[in-house]
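Order as written gives the chain letters A, B, C and D; numbering starts at 1 within each chain.
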């Protein structure tokens, strides 16, 4: 299988995931502004998930780009990632409706952790094909570090949801923010790739 | 990232946005014609949104076509546009269900304004790559003018929604109509591109 | 715009239309076989719409294939077709829930008529580009005839829905059946194209 | 029609099928863990269907890859497969909500059987194009055997649903497990193709 087809299918699934999340933003039947303020947590959880899924899409492209050919291992590591991402609309809706509860925040954290872990596994299955290229390997390892940090943050946030919800939510949003901080290693990778 | 992949992903998201809006057109359980007339405002808001999103799709293609390569800035300007467009199904449903209320019309105007503003930002991030090509730059600026006018109309329409709803609705529909008026500058651009 | 991008976007929209129709097939909460028999008309209307939309997809491909380049007229004729097709899930749900009522059958017929009419308009906008190629023009005209017959059948079926529902339903299903009858003119076209 | 377009459309439909299934995982309004345990059967049926549809996607690619050109027969055999796959979200929801009932398990088995049968028919319509290539034909026949076994298992599982539900469920999950067992014949095919 060519990498382009894997990419096209993943793009399709990610495009659907990012778009159906908005279906949870139900149009309220009331006409007062109060109805909208009640929608605010649903809206905010939608924004957070939109950004997280968008980041996965961007990173996914950079990663697949590195694969010269797609074997069964990469294929299923990719489907594994798509499975966890496909649960994002569900935990987003749950977080939006029950925003301040430990269970909703904890669940969101679990799916975020599983997504970043499956992304890490996909990364590992692809990096195996580049053992000879020393430079790419080094950069690969550095990107993996960022992936690892995100996994660690989610891991801390999950139990924290049952202790102090606001901090857990803050931690869950952090990896998305971290992504936008400039990183010269990744920029170097782009120059090469 | 190649422009073609950005285009393919954006096409996917826009295709889903334009299609899931129809899910709001719920099949009424009554069998009388009266049930249909009650659906009319939902249908009309669907038509308006279909045309607006379709225009974005057409313009989006012309714009991305100009980009020789896609950097992080263009990537996120594009995702920013897709975010606001993804709210279209929601404000369409809200407008359809509460058609004559200031809040529904105002909200629709806000998302329309945010969409056209994000399109303008995307346009700016792309035009930076064409500083050397004088001709393209001139045309770019002229297309930006149309974009600006739409932003201005939406900006006027939003507060008007609380004063006189029908006029606000008329204003919101205007940029879509304006698009179909012939414009020889854009045609020139097509001849070049 | 290249024909391939128009095709890719149309494919995306048609793929979504054909798939979201199944969302109307709600899982019944009852456990008896009777719940399923009540779902039968919804299922049958889904089958009919699946076949009709699939036929549009196949014909759409053959048609776009003939266009050497896509101008604004073809672009909007295509979006016009997609608009009417996007209403298929809605009339399918309505027909499924109120299967024996004149209004549901009539509405389905109206959307079917509008779809085939917009397909005819798309065909006309494309054939203009082939005035020089005599052979293609002849075949084009023959395919248009089939399109015309379908439009005529739908036109008869719509008022019939208020007189005798079963016959109207039969007529609406006919163009889909007609499509599968062998047609040596179209086969000739395929050999050329 | 080129095989790439058939592939792209099928990818689109399969991507939507695999993603809209998650819409059945409704966010519970309760905040207790008990609400989640009630969701467990819905989640498990989602996992099963995700894996089954993903396997179809992977196999579909290998199959279409073998077709040198797409004729009407392949086209409609493919649409026939997509039709049955499009019913997966529905039987998944039904299985999730009524997990221990014979009817839900039996229906799931019927759609699984129809899907594998339509895949077999698609395989047959494609293999006709490879009569001259002896080696490909042999491998084709071996892959068809696996397809046949799955059909047989589903055929046994359907009546079993009314006798002993857990065993029927186990049988329905078996072909998906079987797929992951190593098979040197298929690997050989990949080396050739």
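Heads up, the rule we're going with is that a residue touches a chain if its C-beta (ideal position, glycine included) is under 8 Å from a C-beta of that chain, and two chains touch if they have at least 3 such contacts.
Owing to the predicted nature of the structure, the values given are computational and were not obtained by experimental measurement.
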Requested in this report: Would you pick out the chains that touch chain B and also touch chain C?
Outcome: none
Report task. Tell me whether chain A and chain B, two copies of the same sequence, contact each other through the same residue numbers or different ones, using over half shared as the line for same. Result -> different
Query raised in the report: For chain C and chain D, what's the span in angstrom between their mean Cα positions?
Result: 27
**Report entry** Separation of mean Cα positions, chain C and chain A [Å, integer]
**Finding:** 38
Report summary line: Multi-partner residues in chain B (2 or more other chains touched) are 8, 12, 16, 20, 23
Query - Touching residues (chain side chain C, partner chain B) in the complex - result: 1, 5, 8-9, 12-13, 16-17, 20, 23-24, 75, 79, 82-83, 86-87, 89-90, 93-94, 96-98, 101, 103-104, 107
Query - Sites on chain B touched by chain C in the complex - result: 7-8, 11-12, 14-16, 18-20, 22-23, 25-29, 31-33, 36, 47, 50, 54, 57-58, 61-62
